[in-house]
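Following: one structure in structure tokens, then a few remarks.
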């Protein structure tokens, strides 16, 4: 049978974890598996630790607790730059439940918030204080996350776009995020991330390199568009084929970078 | 590159009721001691509204207010046999059975009233508001309620009726395919206006204009429910849904609603409907069932509109952005065909 | 192993023993006997099980029952106040905004959450509010119109 | 939510003077819907309710060597494990109830599985979780077999046999052919005369009915040694019949309750849950619920099967289609269920709502190793209509004709002879095309705008069953031996010629006459007016539609005899008053006999009373009138000319 263990602090909860247990965030991933009788785990570990739901400034960064929901992000003035990514995660009910920490663990094609955080070079703070880049965390995806450290982007440097077939809310054909930092009027140190184009949300180095030092216009981004899916092998799934994702990625990347309206 | 507008047309007819017949429907109607009527069926209400339509047909045939009539259905201990709710047969088959049952009950109602008013039953009419009176002499009247009470407690007369409607089973000829497929057909013609993004192959329906011929709109709002919901399902079948995205390969079959694509509330399409009514001679008050056919014209009309927009022949469903994009690429670019009927 | 959970259901105190790992939808239907929220998928993607927890819409099939301890749960079963229908219920009736009725309880909860926060929503705000609620019969248009109509009525009332 | 009602069209055939019919009466069930009180099958509480989950095949096609459920049976919470051997009549086909087709599908598979998800064992436990855990503890030893998934590959001689009852991978029609034929006229000759030949192939993939309420049933012991079954079925007595047959018990012991269903769309006719739940109830003496989760509804529930259609048209320069040949493949999946019937319904629908003098089709019900198909909204017709209406656009382009004008030119009219050898009546395709063209500004030629379903029908060859070429190709087993192509007349089979007017099946298209005199409604109360010959040319909408009623003799079908004492008044719709003498067995070529009754004098047709009488009983939002233009996206106001 399935056991549920509740701990007052996230530290105690983390200690109780083993490979037969799953950590319950908002429930949108784990309870789905429970309802369908997933036998890979027989224990649910959860915590009532309120600190996980806090949004606090820390130096020039914001610490967002792993338990913060998409709805809380949309309601937060400090995280206004993340609201379009938060709105992309499920309908109103799901957004009241889905947590930031949970989104980092979401299987393909989910994880749109993680795509945005990847482009913002967020840092993951684990339950015992250990910190690593979100990119490194996504490579291993285990352990209990305490919070994410996010540096607020300037002006309209940060762009997020989700391509889905159903309006207003549908699962991703792909999602894209761009943090378009500049120096001397040219793009520099840009970060690009894709969702639903690889097993997990992924940084796209080929495009980042092609954007280094260019101006943000048709001519400037041409090389980046031709490198749009370099090194990626987008999956087939019920929503779209890998062929289609590869073919239209450059179009959506152009629309993201130049801010063309998504029809 | 560009967004291309396209306009497409399609028209269809649809057989009403189980195709080869042999699908009986029965109905029972009886009155309570104070003149309220129960219609007892075995039909299933899937949302198409057979309870509501059945109630109206009984009330109209009996000549009593619809508030005094209720349908009770789908208890195999009390309801008589009915083949089931499918093949757009509910309104047609069950409707006819209800009319026959209500007609028999009405005959006894008028006989009971005739006894109360001491006139002959053929001289009586109902006013649809709970009264029975002599033709041309509204003042010589009795209420349905009083008539039912008199029938029950004084006359010892039951106000009840039975009805069955059966289209005889048609054979099918093995060598010519000769058969008698049902007895009446609904019709529809429909025009789709849509846009195609020639960079991504995405198709967005902008407008639907339709004309549906349904024999008679027995309840206009229920007919509209079917035609709006049916057209939405047609858009879904045309552009979105499949249990096997890579048919006939079985891989990647969706197992949840996130992956089984359907148009969302934001894709709701303005749909202007014209309803035509050519009553079918063998249908209840002429009414044919609009339930099954309303999605059918949408699928080809969308495919024809996509061809009109970008010159791609979309002959396999669903018409995904990938299929449109591959077609555009194969033609070496979009080939708009110009506005038809201009 | 069963554990007790007490919470407010439609305004009145409710206590029930839940199996560990039970979701709120099963507990409401089998434990509390409130049959208004419906099972549609058990995956959180159809919205037929939508209820309000502390006024916010949740898909109850993905809520671990124990987590509602001490909180307020509202379902469509409690939407009317006694014999008086909520304006949304009246608008769904007059607007023919339901056919089979199976998605209606969830739709009403999503719509109530919207109107409680945004008394005169735009059409696209209504579309967003029910974007987690699937309907297979109506094509959504009558539902969107009924919610806009209810907002107008409430505004006028 | 309003629509435009073209009351002006066919006003001469319709009286709209009713109290309740035609009124927007509120739904009887709406109060239950908006309060959450509507009682769906699962909205019934039982103490001690048991739950059922199935062990399912992971393979497309495999022999079952052995099943070991001993570990599962010992798991706590498991009350009973049921296999095919526990089902008294394990093999059935849905349409055996109307004796159509052979029993071919096991309720629980015993010797082999033919599609992914096919149930092998049903496990009954105290909770869904306990049943799921027990499912994982069952060990089935499968021997994988080759499988086939494409409908045309399934017809090849080397294809593996999917359904042992039909070893040629096709349903046997009349124990004679491996397909359903349609033969009308002589397509081969007509093709040789045509100015253009237009071909096309069309493919529809399987589609799920996807009702928000998944299929399910609860079976519970009742008083007097009976079982109550609450069910989401779309066909109550159909399910009673299947359950009685498979459990081999009298239907008197079954008490089925349903009628309020969370959407069906055709997906709830298969009657799979009631027999299993009832079997488990009998086996345990306790209430048992068997409900599909969403993943099962999507991949194990019968979809609308995929269909592949090929069409070939012979068209003259002026747009007349003189020949149309179809080849249709219905992907039935692993078992017959309703697909064999869908093929015949589809055949009866060809060549679409058009009068084409030469038509031939071969339609196949093909077995493949996938989930068996079942009914879905538009059963047997939707894919054919997709193919036909796509093809009509191709024909229009080939002859350079406006797509709507092409439809109107070829549209069927009252009195035309249809390909299944029945006379068209009550047609309205032309008026539908004209109505939608008019309101969207799609301009039509004079002829097309003036055409009517009521004129020009049945003239000359169009009203006659033509001499017809037949063939005996595609006998059962022939295709597997010789690899014969599926198209009509593609082999060297012996040809036959049926004379003009030949008809072999004269079943009437009308319902049976009422059983007793007082069940027969007076026709004046049914809203029909005498059908007049006056073409209801398309006029402006209702406000000034007065069709000049020139009295002409109404077109009666031949030999419609009125029983003695039939009342005068408008010509009576045959279905209501008499069992018509079959109009089919005499050759149609005779001119229609003068109808014996004389039509009532034609009063000038005045437009129906503009405002329906204000009946205070029905709530009257319909009378709120059309929304002001521009207020809602669903307006009709701005459309009015």
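When the chains are written out, they are named A, B, C and D in that same order, and each has its own residue count from 1.
Definition applied: a contact is a pair of C-beta atoms (placed from the backbone, for glycine too) under 8 Å apart; a residue touches a chain by one contact, two chains touch by 3 or more.
All values reported here derive from a predicted model rather than from experimental measurement.
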item: Partner chains that subunit A and subunit C have in common; value: B, D
item: Farthest-lying chain, centroid of Cα atoms versus that of subunit C; value: D
item: Of C-D and A-B, whichever chain pair has more C-beta contact pairs; value: C-D
item: Interchain centroid distance [CA atoms averaged], subunit C/subunit D, Å; value: 35
item: Centre distance in Å when subunit A and subunit D are each reduced to the mean of their C-alpha atoms; value: 47
item: Distance between the centres, which are taken as Cα means, of subunit C and subunit B, whole angstrom; value: 29
item: For subunit C, residues that touch 2 or more chains besides their own; value: 19, 21, 40-43, 46, 96, 98-102, 124, 127-128, 130-131, 134, 136-137, 141-142
item: Subunit A residues counted as touching two or more neighbouring chains; value: 1-2, 35-36, 167-169
item: Of all residues in subunit D, the ones touching two or more other chains; value: 1, 24, 26-27, 29, 129, 210-211, 260-263, 265, 293-295, 633-634
item: Chain-level touch network, classified as line, ring, star, complete or other; value: complete
item: Sites on subunit B touched by subunit C in the complex; value: 45-49, 221-222, 224-225, 228-233, 256-258, 262, 264-266, 268, 271
item: Subunit C-facing residues of subunit D, complex; value: 1, 24, 26-27, 29-38, 40, 42-43, 45, 127, 129, 210-214, 260-263, 265, 291, 293-294, 619, 621, 632-634
item: Touch list for subunit D against partner subunit A, complex; value: 53, 128-130, 132-133, 135-136, 293, 295
item: Residue numbers on subunit C that touch subunit A, as the complex places them; value: 1, 19-21, 23, 42-44, 47, 50, 53, 56-59, 61-64, 66-67, 110, 113-114, 124, 127-133
item: Subunit C residues within the subunit B interface of the complex; value: 40-41, 43, 45-46, 96, 98-102, 124, 126-128, 130-131, 134, 136-144
